[in-house]
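Shared chain: subunit A. Partners: subunit B in the first complex, subunit C in the second.
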Partner chain A sequence: MNRLGALAVAAAAVFTVVLPLFLKPYGIYLSSTWVVLSIAAMGLNLTLGYAGQVSLAQGAFVGIGAYTTALLMHAGVPYPIAFVAAGLVCFVVGWVLGYPALRVQHHYLAFVTLAFTTLVFLVLRNEEWLTGGTYGLSGIPRPTLFGWSTTGAVSFYYFSLGILTVLTAGTWWMLRSPWGRAFLALRENPTRALSLGLDTRRYTLMAFAIGSSLGGLSGAVFAPLVQYIEPLSFTLNLSLNLLLMVIVGGSGFFFGPFVGALVAVLLPEWLRFIQGYYLVVYAVMVMVMMAFSPTGILGLVERFVKAVSVRHDPPEPVLQAKRTSP
Partner chain B sequence: MTSFIQLLVSGLATGAIYALIAVGFTLLWQTSQTINFAQGEFVMLPAFFILEAMYLGAPFWLAILIGIALSAVFLGILFKLIIVDPMLKHGVLPLVISTIALSLFMKEMVKNLYSSNAQPFPALAPPIDLHFFGAVISTQSLVVLGVAISVVLALHLLLHKTRLGRAMQATAQNPTLARILGIPVRRMVLYTFLINAVLCAIASILISPIYLAKFINGETLGVAAFLAAIIGGFNQVRGAIFGGFILGILDNLSAAYLSSTYRGAFPLLILIAVIMWRPQGLLGRVEERTV
Partner chain C sequence: MTAVLEVANLRKSFGGITAVDGVSFDVHDGEILGIIGPNGSGKSTLFNCVLGQLTPTEGEVRVDGKPTTGMRPCDINRLGVSRTFQLLQVFPQLSVRDNLILAGQEHQGSMYSRLLGPADAGLNSAAGQMIEFFRLTHLAHEQAGMLSYGQQKLLDAAMAFMAGPRLVLLDEPAGGVNLTMLGHLRERLQAYHAERKATFVVIEHQMEFVMALCTRVLVLAEGRLIAEGSPQEIRRNPAVIEAYLGH
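== the complex of A and B ==
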């Protein structure tokens, strides 16, 4: 990463830490929501930005993760175990789902995952004995770790921020490891990667499964944040929103999803004065952006930085975007 | 048995509407590689054009014509010029995202302008129940079936029996070769967008008396169109028609005989089975890979 990018990330990190000092409880709640969405969008970015596959199941994985966590905690399982279980369950489900879909190429993953999201919603709504049906599950406790209770809004925010930091570092490390470089190869030039002996299908599947497990982990943070979950939170709409977040932030950029999640959280607040029309504005924004900068906000920033800097360092692959073409 | 016939007829009627939507969907895919995620909203919207025209005093038949014309302009020409054309150079994915945003835009606009309540929509035929061998069949189902089948037949004749239709097929199969042969490829692509818009408008007129005009209608219809197109075969018009009918019948029969709470699940299971064992669709051809 170049120096400017590192500086921006460091500034953003400091900002997230001091943020609660300036916010009312509602603002802190929104910030925690941003954390949850960022984790899920970061996972989706692996599928979309790196493997170039459209997944409409990320919302369903957030749901599976949230329900897994809630059910296990109700059964008396400690939070850390429930958290890991949520990630594992989603990894396995993602693998099983992606395997048939990725056998056939192109846009099929989009349709299979769309079907999957609807199926998950139906199961969550209909299997009352397990999921509470339309009433959902309530009274999900916020965890106490090593004697530190996260019940308060601020402490839960720091708790979720801690999880986000660990997961971000883990994903970053994974993408930098020799093994993870394959994902970059997948993004930059799949045909070439294939000809160099990389099993692209396996890596695409891996990217999808890991992305799904991040979705599950985001659900594991979401459940104790809202303390009440119901099937309607995890419909196709959530999946579509997460997809738009990744795109708006900049798919293929490591920090794109964070920016996209921020826009998704802040826009309804900023546009409160136009009431119901904020989604209209958002939709128009996405369409305009797709026409002029398919690489999202970070793509715009990158273009801007390149245009103004007299001398620029050779771009490194992690922050360099590629137009996703078929 | 009598209830089976009733279910079959109403399934065929729903299926015919799905088929209309799915055919437009595959046409767009074939000629311009557009996967239109707003297809369901394209069916939701024309009903509101018609309601608006009637509100301004037009009789129903005139309102229908106005609705179809407005659909052709907005959902055909303007959709192509404003959304699709600037995006084509970026590839399939940004266009998919753009149509997702478009569907959100249309849904929210209708919700804001018309409230989220369902609006009653006039039917083409008075609802009379006809009795055939003990089965009760409404005239509405028959009218829907009749209109949809004639539209599909007309489209089939257009595509296969006229010079224009063959030029459109050539454009879909090999645009470069079509251009060399002197076919105005860009105009042919525009025609498919117009046809899609008109098909959506007709589907809207047929389905709105049953579902009522509502901003949310597009969600289920859009998914039904994808499912029909994939089950039948993404690259074949008759595949989409076949898929539409299968889906409509299956939907009605499974809701009645298997489980109504999992009604939505059966088409999805079929979809997954088709993708696993016959990814080109039941009637589709295997697409060759281009380098």
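== the complex of A and C ==
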């Protein structure tokens, strides 16, 4: 990350900390929703943006994580254990779901993960004895950690922001390690990666499992945020929204999902005055943006920054070497 | 001389078409073996069978006496066998340095120790040396996709050498490269061979390149081995002339 990027991240971090001082409870609730969606989108960005594996199952993992947390907390299990369990369950299920990715790619893989999302929805809706069926699960408590209650909107926001910070730092560190380079190699050229000794099978499964695990952890924050969960919250619609967040923000950019989640949370609010038409406007905006910047908002920012820096500091002639045709 | 690579009676069929038909040869320690043949003679299929990208229909491949038939390419690579591809195969979004680190990182410890280890897998200085050796210093921080075709070919070769392999299989390294870059590539390969005593197998159409680089040459035609000898012998071989020029 360059100096400008580091400054932007620092400013954004300060902004998220002081934000509740300027917001009413509904605004704080929306901010907590942004945190939840950012965690899930960060996981999908790892699977899709870095490792290049298309997944329409992230919403299902948010659901699995939320239900795991709610069920365990109802059984009297402390929140930290339920939180870790939600991540672990999704890690294992994500690992298993990764196996089809070893055989099929692109839109075929999208269909496999779409089928999984439908399957999870049907289980959540039909297995009433466990999940409460269409009635869902209510009365999910907000945790108290070391005597600090997160029942209030502000305290829960800071609690969720803390989790987001830890998960972001962990994901950043992993992507800076040789694993991050290996994930990019999977996306860019799996054949070459395999010939260089990369166990593409294991890295693919790992990308799926870690991405899914982040989806589950997002669900583990979502459950106590809304305190009531039901299957309709975790349909294909959520998976598609998360996919949109990753793409709009900038797939493969580390902070792309954060920007995409912000757009997904704020835009419906800003466009509230046009009521039911907001989805039409949202769709048109996404189509226009994809036409002009397929790399999303951060891709657009990167292009702008590069254009400005090139104008101020033209490259050496050697860097403008033209490609010789083969 | 010990054989680094042994290929015995290798056959590969695709339905009714036999691309490689009972080919056997050894590659000796420290030699540069050339494999030539007209288009469609089975050279790349042979490479892909040796390197695990394709499973042979019949026959056996051994590396340092160890059977590798049916092994995955990543496992064969970890035995010290590296390759380049006929078509460019670099990672365009990664920098030149990161391409090289990636090419060596899987040979450093286990997958899990790499997660906990340094970001460059301890290969920053080795990558720097390789960049210097292939004279790519001025491009070290450029995205590989921004390099010229010839520079990417050099990077592709450098990546194959990054893990210090025992055997390198180069699939048409000169393909599409202009004459200046070709001379540079040949000179670098010869320097690497002289310095590290590495063993090369080179598939190439560019006869001058093969004749200048290789110590022994095999000729394939229609999937079969039709001639073997020194570059001078191959040049005069009537079967080779017929395979290339026809009647």
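We adopt the following convention: the second predicted complex is superposed on the first by the 299 of 326 C-alpha atoms of A that agree within 3 Å, B and C clash if a C-alpha of one lies under 4 Å from a C-alpha of the other, contacts with A are read in each partner's own complex, and residues count from 1 in each chain.
Throughout what follows, contacts are C-beta pairs under 8 Å (C-beta built on N, C-alpha and C of every residue); 3 or more make two chains touch, one makes a residue touch a chain.
Remember, predicted model here, so these are calculated numbers, not experimental data.
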- Could you say whether A:287 touches subunit B, subunit C, both of them, or neither, answering first, second, both or neither? first
- State whether A:101 touches subunit B only (first), subunit C only (second), both chains, or neither. first
- Task: Look at A:182 in the shared chain and tell me whether it touches subunit B only, subunit C only, both, or neither; answer first, second, both or neither.
- Result: second
- Message: Under the stated touch criterion, which partner chain does A:2 make contact with: subunit B (first), subunit C (second), both, or neither?
- Response: neither
- Message: Contact-wise, after the overlay, does A:202 reach subunit B, subunit C, both or neither (first, second, both, neither)?
- Response: second
- Query: Looking at the overlay, does A:126 come into contact with subunit B only (first), subunit C only (second), both, or neither?
  - Reply: first
- Overlap of the subunit B and subunit C footprints on subunit A, residue-wise? 323-326
- Query: Along subunit B, where are the residues that touch subunit A in the complex?
  - Reply: 33, 35, 83, 86-87, 90-98, 100-102, 104-105, 108-109, 111-112, 219, 223, 226-227, 230, 261-262, 264-265, 268, 271-272, 275-276, 279
- Item | Touching residues on subunit A, where the partner in the complex is subunit B | 52, 54, 100-101, 103-104, 107-108, 110-112, 114-116, 118-119, 122, 125-126, 236, 240, 243-244, 247, 276-277, 279-280, 282-284, 286-287, 290-291, 294, 323-326
- Message: Give the list of subunit A residues in touch with subunit C in this complex.
- Response: 174, 176-179, 181-182, 184-185, 188-189, 191-200, 202, 316, 318-319, 321-326
- Item | Touching residues on subunit C, where the partner in the complex is subunit A | 51, 53, 72-74, 77-78, 82-83, 85, 87-94, 98, 101-103, 105-108, 111, 114-117, 119-121, 138-139, 142, 146-151, 159, 163, 175-178
